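There are two complexes below, and they share chain A, which is joined by chain B in the first and by chain C in the second.
The block that comes next holds the complex of A and B.
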C-alpha cells in the first residue's frame, strides 16, 4: 500500500513557512497594512474631522500640491541638512567618547551608565530643557554669557536663522550621541588585541594604529549605528516642536513638524500622508546608503558578503 | 462702633453664604446612581481648581466621573480629531473653545432643549451667541477671555520718565489710549536686553489673533461678505507694521516670535516689561508678591484703540460640549450645568477668570470688595466693560485654525524682515483663499 501523502502543512518543504507564519502575519498587520492604508489615503482628500472623505479619491492632487509648494521643498532640504549634520556630529563625538572611555581602567562602568543619561529622557523633556537654556530673556545661556561679559545683548538663539537651527541640532546631538558611543564602545570591546600589538611592534604611531586598524574594524559598527539612527532620527520631531514649533517663519521647519501640522492642526491627513511618504523614501534612501556601506565594510574586513 | 460694623459684616457674609448654599440646593442635578460619566477636559493650572468640585457632583447624583484626559487645548484638539477619525467618541463631555468648535462638525449636540431654558437665561446673551455654530448651541460657556493692557504704574509716575517722554514725543506720558501711543511708550521705555517696552505672543493662533484684533481696530476685516480674504488691505499692513516696527526697534524681546501665553505672562511678572496686553486670568498672578516682582505696582487700562478708533477685543470662551454619541445625555447635561453653575463660576472668578453668567460679575466683584482686594475689583470693572463693548470672536468657520496656520508664519516672516508687510499679507491671503476654496466657502 502506497504511503498516503501527509496534508500540505505537515510536509517538510512547507515547515519553514509555517514556522514563519506568525511573524509574517504580525508584520502584515502591524507594518504592511498601515503602510498600504496610509499610501491609499495619500491619494484621497482624507480629512481627520470628516471620516467620509476617506473615500474621496483625488489621484495625484496631494502630491502635485506638495511638489509645487516651495515651503515643502525648503523643509525637505532642511531635513536632509539636519540629518547629515546631526548624524555626522553624533558619530564624531560618539567615536571620541568611545575611544576615551575605552582607555579608562577605573570607573568605566559608572561612566558608561552616566553617558547613557541623555538617552533616558523623553525627547519632549529634552526639548523643554533646551528651550529654557536657549531662551533669549530668561535662559541660562544668555545670562551666563552676559555675566561673563562675553555678550552685552540678548542673543536670539531660537529666532535667528542659523542659531535656531544650531540650537535644535545641539539638542538632538546632546540626546543621541550616546547611542553612537555605546555601539562603538561595543565594537572596541570586541576588537582583537593581536593586530594592535603587532602594529606597535612594527613601530606604528597611535594615529597610524587608529587609521589603519581600529577604524576599519569599527566601520561596520559605525554603519550599523548610522542605519539605526537614520531610522529613528525622526524622534527629533518632539524636540523641534517644543523648542521652535518649526518657526519662526518656517526657519526650523522639518518635514516632520510640517506633516504634524498639516495632518492634525489642519486635519488634512491625506496631504500629510503624501508628505510622510516622501519622508519615508528619504529614510529608506539614507538607510539603503548606510546598509550598502555596511556590507562593503564587512567585505573589506573579510566578513560576510 | 467698630464692633457693630464687624458684626454687621459678619452677618452680611453669613447671609451671603446662606444664599449661596440655598442656590446650590435649589438646583436639582438629578440622580444617576452607578453611572460612569466619561469626560475629556482641558488641563492646566488655571483650570484645575474647578475640577476639585467634581466630587460634589458625584455625591449629589450618585454617578462617578472618569476623566479620560486632561491636556492643553492643542493636544486635546488632536486627540478629539483622532477620536473622530477612529470612530471612538465613546465619551460624553469634552472641553471646547469658541475658536475650535466650528471645525468639529456635528459631533456635539445642540444644547438648546437639553439644558434647562431657565439656566440658559442666566448666561450672558453674547457668550451664548458666540457659542452658537450654524444656529446650534454646541457648547456651554465656562468662562470668557478678552485682553486688556497691564502696565507698571511706577514707570508712568516717575517724574524723569514723564519729562523725558514729553520732550521726545511732545505729549504727556499717561496710560495709553491708542496703540500708536503704546508703540511710542514701548520704544521710550525699552532698554534691551535688560528691559523691554512691551511684548507679544509670536506664534501659532496666538499671533494670528493679536494681528486680527489690531486689523479690526484699524478698520479692516479678515474676509469680506463673500468670504474673500481681505486682510492684505492698508489696515492689515498698518497692523502688521505695528509689530514689525516694535521688533526692529528692539522694544520687544528678541525671542518674542517664539513666545506663547506663559512666556509673556511670566515675562511681565519678572518686572522686565513695561506694558503687557494680557488675559484676566493673569491678574492675580501679576499682583501676587510670591510670583511677581511688580506686585502692588500693576496698573490696568482698557485695551487701546486702533487707527479707526475701535478698541482691540479678540475674545472667546472656554466651554463644555456634549457628544452626540453620549449614552446618557441627561447626566452629561447635569454635569456641564453644575460645572458652569453660579458657585462654580465664583470659584473660577476668584482667580480672575471672567464669568459667563451675568450675576456672577456683580457677586464676584462684591466678594473682592468685601475681601479688601481693590485690585481685582478694578480688574473686573475694566474687563466687564471690554466684554460688553469691545469683544469680538474670530470668524466662527470650520477652517479657522487652518486659515490661521497660513497667516502666522507669514506674519513672522514680515516681522523678521524677510519680506515686506504687504508681500507677507498678499501671500497669506492667496494661501487663505485656497483653504477657503477647499472648504467650500468660495
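The block that comes next holds the complex of A and C.
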C-alpha cells in the first residue's frame, strides 16, 4: 500500500500557520485591509457627504495641504511636546514611588494596591474626573483654593491656554504614572541582592549604589514600560476630547483630536486619513525607538539572547 | 540602642510619607466617587459643601430610571451593551489568543518573528486613526451602530496582547510534560487540554480580564461607530450628560462609578499575574 500523505492541514509543518490563521484573519480584516483603504483614501478628495468623491484622485494634494497648514504643525508639535513632558514625568514619579514602596517592609501590599488605583480608571473617566476637578466654578481645586484663601476669583483652568495644557498633562500623568511604578517595582523585586551587599561592603554610598547598580538593572524595565506606554499613547485622545475638546480655540488640540475633527465634524475624510497616517508613523516610530532600546539594554545586562 | 530607635522612627516616617502620597494621588478619583452619592444641588453649592449633608443612592436610582425624577438617558441599555460586547469579544479573543499563543510557544516555523512583529505593530495604530476607514467600511456593510461591528473591532484589538501574554504563560510550562503525555498515548490535542491548559489557566484568565477591560473602557472607536441604544456603550453614554447646556455632575459621577466597579474588582483580582505576564514576556525574550 502506498504511503498516503495526510491532507495538508494535518501535516505538522502547517500546524502553526493553521493555529495562527484566526489571529491573522482578524488583523487582516480589521487593521490591515482598512489601513490600505485609508491609504488610498488619503490620495482622494473623499468627503463623507459626497460619496462620489471617493473616486476623485487628487494625488499628494491632501499631504501638501496638511504639511503647509500651520494648525497641523502646531498640533503636531504640541503632541510631541505633550508626550515628551508626560512620559518623562511619569517615569520620574513612577521611579520615585517604586523606590519608596520598595523600601517599606510593613504593609507594602496595601500601599501597592492603593498605588494601582489610577490604573483602574479608563481614559474617558480620567478626562471626566479632571474636567470636574478643574472646573472653574464648582471644581474641587478652585473650591479648595478659595477655602484656603489662596485665591478669591475662579481660576479658569480649562479656558486659559497655558492652564488647559497643564491640566491635560496633569490628567495624563495621573493616569499613567502607576503603570511605570508597578513595572519598575517588579524590576526592583527581581533584583539580585548580592551586588548590593557587595557594593555596601566595598563602601559605596547610597547614591553610588543606585547610580551604578540599581539603575542599570532597572533599565530594561524602564524600556518595557516605555514600549507598553508607547503602544497606547493615543489614549490621550479620550482625555482631551472630554476635558477641552481641543479648545480653547484649538490651543489643546493634539494630532488625534484634530483627526477626529477634520474627519467626522468637517467630513473631510481624505485629509483626515492623511493626518491619520502621520499619527500612525509617529506611534510606530515611538514604539520602534523604545523597543530597540529595550533590546540594547537586555544585551547590556547579558540577558537571554 | 539610640540608633535602633532612630532607624525605627525613620521607617515609620517613611511609611507615613508614602501613605500620604498615595492618598493624595487618590483624592481626585475618590472625589468623583463621593459626588456620586450626593444630590446635584449639593455639588453646585457655593460656598462649597465639603462633608456630604444628605448622602444617598438617589443618583443611581435616577439614572437607572427608578424614583420620581428619572432622566432620559438609557443607562440600563448602555450597561447591557457594554456587557454583551465586552464579554463576547473577550471570549473570542481568548480562543484566538490561545491558539496563536500555543503556536508561538511550541512551534518553530518560518516567518515566526515577522508574524509576531506584525501582530504587535497592528496594536500601535491609534484607535482614532483606525476608526476613519472602519467607519467608512462598516457603514457600507451595515455594521455601524451594531454590537457585532464593535465586537469584531475589539477582538482584533485584543488578539495581539492576549497572544503575547498567553505565549509567555505557555512557555513557562516545560515542553517535556506534554511530550511525556504524548508518549503515553495522548494526541497533541488531548495533551493540550490535559497538561498545558490547566497549568496556564490562571494566566489565561488574566489575559481575559485584560481584554475585557480594554473593551469595557474603549472610547475612541466606540464613540464613532455607535449611534443609538442599539450599540452605545457606557463610556460613550457618559457623554450624554454633557450634551445639554448644564452638566449633571452628580448623575455623571454615578455613571462613572458604575463603569469603574467591574474594573476595580477585576484589576484587583489579576494584579499579580498582570505584572508577571508583562515583565516575563519583555525581559526573558
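Definition applied: the second predicted complex is superposed on the first by the 266 of 305 C-alpha atoms of A that agree within 3 Å, B and C clash if a C-alpha of one lies under 4 Å from a C-alpha of the other, contacts with A are read in each partner's own complex, and residues count from 1 in each chain.
Throughout what follows, a residue touches a chain if its C-beta (ideal position, glycine included) is under 8 Å from a C-beta of that chain, and two chains touch if they have at least 3 such contacts.
Note that the coordinates shown come from a computational prediction; the quantities given were computed from them, not determined experimentally.
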Fit-or-clash call for chain B and chain C when the two complexes are aligned on chain A: clash
Chain B versus chain C as contact partner of A:49, first or second or both or neither: first
Chain B versus chain C as contact partner of A:274, first or second or both or neither: neither
First (chain B), second (chain C), both or neither touched by A:146: both
Which of chain B and chain C A:95 touches, first, second, both or neither: neither
Chain B versus chain C as contact partner of A:264, first or second or both or neither: both
Comparing the two partners chain B and chain C, which touches a greater set of residues in chain A: C
Touching partner for A:226 - first (chain B), second (chain C), both, neither: neither
First, second, both or neither for A:248, with chain B first and chain C second: first
Contacts of A:156 with chain B and chain C, given as first, second, both or neither: first
Which of chain B and chain C A:87 touches, first, second, both or neither: neither
Intersection of chain A interface sets (partners chain B, chain C): 137-138, 146, 264, 269
Complex interface listing, chain A residues touching chain C: 13, 15-17, 19-20, 22-24, 26-27, 29-35, 37-38, 41, 97, 100-101, 103-107, 111-125, 128-130, 132-133, 137-138, 140, 143, 146-147, 174, 177, 182-183, 186-187, 190, 220-221, 224, 227-228, 230-231, 233-235, 237-238, 241-242, 256, 259-260, 263-264, 269, 272-273, 276-277, 279-280, 283-284, 286-287, 294, 298, 303-305
For the chain B and chain A complex, residues of the former touching the latter: 74, 77-78, 81-82, 84-85, 87, 103-105, 192-193, 196, 202-204, 253-255, 257-258, 263, 266-267, 270, 272, 401-402, 405, 409-410, 412-413, 415-416, 418
Chain C residues touching chain A - in the complex, by the definition given at the top: 11, 14-15, 17-19, 21-23, 25-29, 31-32, 35, 43-44, 46-48, 50, 95-97, 99-100, 102-104, 107, 109, 112, 115, 118-137, 152-153, 155-157, 159-160, 163, 213, 216-220, 223-224, 235, 238-239, 249, 252-253, 256, 259-260, 263-264, 267-268, 271, 275-276, 278-279, 282-285
Contacting residues of chain A [partner chain B, same complex]: 48-51, 135-138, 142, 146, 152-159, 244-245, 247-250, 261, 264-269
